[in-house]
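There are two complexes below, and they share chain A, which is joined by chain B in the first and by chain C in the second.
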Partner chain A sequence: MSDPRVVIVGAGPAGVRAAEAFVAAGLRPVVIDEADAAGGQIYRRPPAGFARPPSALYGLEAGKARRLHAAFAALRDRIDHRPGTLAWNVWDRVLHTVRDGVLAQVPYDALVLCTGAMDRVIPLPGWTLPGVFTLGGAQVALKAQGCAVGRRVAFLGTGPLLYLVAHQYRKAGAGVAAVLDTSPYGLRVRSLPGLLALPALVAKGLWYEARLRAAGVPIRTGVTPLAAAGEGAVAALEYADGAGARRRVSCDAVALGYGLKPETQLAELAGCRLAYDEPQDLWLPECDALGRAGNGLYLAGDGARIGGADAAEAAGRLAALACLGDLGLAADGAEVLRLRRRLRRQARFRLALEAAFPFPASHAAGLPDDVVLCRCEGVTAGQVRAAGLEKEAAEVNRAKALVRLGMGRCQGRVCGTAGRHVLAAALGRPVAAVGQLRAQAPVKPLNLAAAAAAAPDTPL
Partner chain B sequence: MGGGLAGCSAALHLAGRGIPTVLLEKGQVGAQASGVNFGGVRQQGRHLAEVPLALRSRALWARMAELVGEDLEFRVTGHLRLARHAEDMALLERYAADVAALGLPLQLLGGNALRERFPWLSPAIPGASFCASDGQANPRLAGPAFGRAARRAGADVREGEEAVAVERDGRGFRTVTAAGLELRSRVLLNTAGAWGNRIAERFGEKAAMRTIAPQMVVTEPAPHVVQPVLGIVGGAIYLRQIERGNVIFGTGDGIADIATTRHHVLPANTLAGAAIACHLVPHLAPLQIIRVWTGIEGETEDFIPVIGPSGTTPGLFHAYGFSGHGFQLGPVVGLILSELVAEGRTESPIAPFAIGRFGSPGSR
Partner chain C sequence: MPAARTPASQFVRVAEQGRPRLRITVDGAPVEALAGDTVLTALLLAGRRVRTAEFGGGERAGFCLMGACQDCWIALGDGRRVRACTTPVSDGLAVATR
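Coming up: the complex of A and B.
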């Protein structure tokens, strides 16, 4: 009887620790990763030949990054590692992948999805001007390419990532024009008891902020973004400060993000249902506390629950242990309990973090009619409202069918969040009621010729 | 019963005649086959029995803005039906002669003419038949637009209402919905698409139907080069490019479960479709596929719909089983149903679509 076939998608903190657990149990999992080198987003590695040392790349996380990369290096010969590979579909216990234009099918007995997360975006007038990026994009440019997205970058949004990326930019020597946080400072103070579930993370956040202030970077909280302004490219970011006064900061780039949302498309295609979580304003894939989603599917890391890198490492290992137990292979019950306790503490911290840096839904809901909401298809907020009010679209998939929201290359990743809020507010319904854009294959765009090459003898 | 394109069109036409009409749709209007089909608006290539209906429907498509208040993005791009080999050319010639007699002019093109007029087409294609009056539209807009127009005309269009029981007694039809709504009517129209045969069977009619799930693929936008809608003898693929630039093509049959309404695309069909698309229109090769989808459709044994009065029950009329090619016919089917209800007859020749052709009720 051959070994059960385990396939892991994602080689970030969750995927690496899951792979580690399977290897320790004597299995040889397939590890599929879009990136060329393991590490995920947070521990993303620069291309070969880049000279920045880990301490410069990862700052306070350098130790964790090194340990994670070392853990993966130790696994390399004992896993079937497939880097530069996109998992574009899953059906009938087979994962469909593509690498360098060559398609492959990977059958599995157990599938562990560690697909990570992406920024939540709220458009603002002028956001389609050249020079406006997401926080994640700004971070990738820095880590993976050693460039900044601008000479003088304004950071806008909320959440810990806002301060982290601004800090990383300043530390790397890029110009940081300002850090503009939509969350009022008082919320952070009120959330402190909950945040102290993980005091080290609180300390880190304070450290990033302190370093930015020491460098003279203006930090404003409780702001309301007004517009990205410029002729042909971003030249300034206009906002109202906490007291309501109009302000303007000159910049040549904006990096924006309002927390993270999980990449759930593969889980959805694999049959997982999504449930709306109100405190986080996220549609989360349904799974149990160990990451079991049924039918041989396991979920871990930010792709299941936004929790950050440390939580992802624990969740990856936990999901693997749950899977091993389900496969009838030995699992350490005490360790499972320990990991679950860790994750519960992480979850408490996460709740407090949401309360400290809430998603400013009113900024999304209140977008002026003429602001482009769906960049790919050029659909304005007004058109989405009209889909609801005049064309009877009661939920986002219907709105998509009628006005093309989410029909572009980003497949709803950039516009989906704001789209939900604009539609719900226009209809006067709760956000949960308008649903979320349904996932469809391919999970990311797939080249037609590559697909064609996989079916060479198709008769006419 | 059933708010697809045929049902919504019937509601619109009936309301226009002042006949009180309730449309029950268990989900959202136009969301099933009517909304997820390929979007071809064609007369060419149809079973000969359908051609007179398609010609009449084409006249409605020309007046769509007047009929429902918007044009449904209908564009008269022509339909090019490709031959795979010489035998197919003979078939196309015979078909062109047959439909010319019915009033549909087609233009046959040999290899050279094809290459000159459509240089993007693979040189491996020996010839084709071109129908200049055919085109394409946006299926997602159609059902909802007809539904809204029907409401404006006075029809009571109810979404989220699933009929769970329907029967006929001395006083007419009694329909009960899952929410407990009870309706009495003199006439019942079965426009329930893939679910149509279930309603027919309740009234003792023989009408087996297979559930199919035609699959579609759409690419990112690209410069608009492919003008006509493409079809091919044998039906291996259908392909069109919209003004926005996206290329849509369909091939193969996915998985559909009529009981749960869940449907799923089979990856193998997506790949097969991509192979044929690249073979026929080589310059599409660099494009990215950004989405696939399918839906639930009903296919009859002889691949043409059931249209007409019930064989068992007075006041009951059927219009379902469009077997994957009902989009162009939807508007006229609604008109025909309104004629049958109001006048007891229709000018369109619907005898070939009679439900009785599958055997009389009770026979095996």
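Coming up: the complex of A and C.
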């Protein structure tokens, strides 16, 4: 029998470690990645010609970034690396890709999806003004472009990334107007026992916060976001402080993020069911503890369940080992157990993290009627409520059909989270009951030029 | 206290300024950029907008900066439509934002 065809989507921490395991077993996996260089978002590399060393780009994580980049570089001749390539559909054990307008079909025996995550956001009045960016986006601008997204940036949302990116901005000499965290500080203290499953991460978090405070950056917890304000572009951020008093911080940019949400579209198209996960308040693809989703499909990293970069490295390797075992190729049983143990510790930490920095669902559910939820097509919270109350949309896909929530170019990546909370609250139903927006191919916009360029004997 | 001044650009360079310079045009006007900049970076160093939203007309300046939100699609001089945040500039590139 010829070698099994293994395809990995994503070359972040999970994808790189998966590729490494397949290569060690003598296979030559195809590695498809949208970025031009491996590393994922977390260990993203700047374009050629940029000069900052890893210590400046990745801070305390520089060692991990360097090791991951080196591991991938060592695989170069032994994998089929396809950078700058979008995987836009999965059908009948064939992955469909496009690179520079050229379509390709990649049949597989095993598909390992390491698709990563993006920021989870809650809209607020004024959030479509120029100057409001995602938190991850603010980090990308700094890391991959050497730019701050503004001269005075307000960081709004919750989660450890809020403090990390604010710290990175301050360290780079960019102006940090404030860090505004919706989570009350007491939750962090209460979650400490669970967080101590990974004491080094707690220490890092405290370090970032201490550096920000030492630099005089105002840090407010338990806030309620009110609006991004300005004429034509952001000039201030308005919020209610922990005591309920209305405050205003002047800024020319807002970095917005409430944790991460996984990119699950390809898993869904490959036939994987999604299930609601209450602690993360996310719809996650169903798979076993090793990442097996059945039918030759394997999932790893933040695209399967939000766990961060360290967990993603372990999960990527574990999914590859599980896959090798399923293919009848030897996998080290002791290592599987070790990786599972490591992931369990990560999961305990993650659970405590969710409790310390909970997603403020009530902020999303209570957005004023005139706030735009959908940046693509300008659908408002009021329209989604009306779809539920007047047009009897009992779940979000019906609301999509009626008022076009999630119908735009991003396919609900940005509005989906707030949309289901707005609809559920309007209907008085639990948020799990209104479902989540289904994935459709192509998972990202495809230039029709690409379709035209396809050879006539390779039908779409 | 002086009146608050609206800054002319959204982004500000804080590192990596030693790269080769090149020129692009934005809606016909010359704009200087550095090799390795994305189109979005070049636009937001020159102003505070990337495009005008086709639903509702408000000005937009991108959002996720990582190719996910699709809020920075613009046109190039050769008719191609691209995502500004994932498209690198090249010397002489013509960008149309309106």
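The criterion applied here is as follows: the second predicted complex is superposed on the first by the 454 of 460 C-alpha atoms of A that agree within 3 Å, B and C clash if a C-alpha of one lies under 4 Å from a C-alpha of the other, contacts with A are read in each partner's own complex, and residues count from 1 in each chain.
In the analysis below, contacts are C-beta pairs under 8 Å (C-beta built on N, C-alpha and C of every residue); 3 or more make two chains touch, one makes a residue touch a chain.
Computed from a prediction, not measured in an experiment: that's the story for all the values here.
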Using the superposition on chain A, decide if chain B and chain C clash or fit. fit
With the two complexes superposed on chain A, say which partner A:398 touches: chain B (first), chain C (second), both, or neither. first
Between chain B and chain C, whom does A:65 touch in the aligned arrangement: first, second, both, or neither? neither
Just checking: does A:136 make contact with chain B only, chain C only, both, or neither of them? Give me first, second, both or neither. second
In the superposed arrangement, which partner chain does A:321 touch: chain B (first), chain C (second), both, or neither? neither
Now for A:375: first (chain B), second (chain C), both, or neither, which partner does it touch? second
Considering only the touch criterion stated at the top, classify A:407 as touching first (chain B), second (chain C), both, or neither. first
Which partner chains sit in contact with A:445 here, chain B, chain C, both or neither? Use first/second/both/neither. both
Looking only at chain A, is it chain B or chain C that touches more of its residues? C
Is A:89 in contact with chain B, with chain C, with both, or with neither (first, second, both, neither)? first
Just checking: does A:272 make contact with chain B only, chain C only, both, or neither of them? Give me first, second, both or neither. neither
Quick check: superposed on A, how many Å separate the nearest Cα atoms of chain B and chain C? 5
Output the chain A positions appearing in both contact lists, the one against chain B and the one against chain C. 408-409, 445, 447, 449
Looking at the complex, which residues from chain C come into contact with chain A? 4, 6-7, 10-20, 35-38, 41, 44-45, 48-50, 53, 55-56, 58-71, 73, 80-81, 86, 88
Residue ranges of chain B in contact with chain A within the complex: 28, 31, 35, 84, 140-141, 144, 148, 219-220, 232, 234, 236-237, 264-268, 270-272, 274-279, 284-293
Chain B-touching residues of chain A, taken from the complex the two chains share: 89, 91, 94, 96, 103, 391-392, 394, 398, 401-402, 407-409, 411, 440-442, 445-449, 451-456, 458-460
Partner chain C, residues of chain A touching it in the complex: 34, 41, 46-52, 56, 118-119, 128-134, 136-138, 140-142, 145-151, 172-174, 232-233, 235, 250, 252-253, 263, 372, 375-378, 408-410, 413-414, 444-445, 447, 449
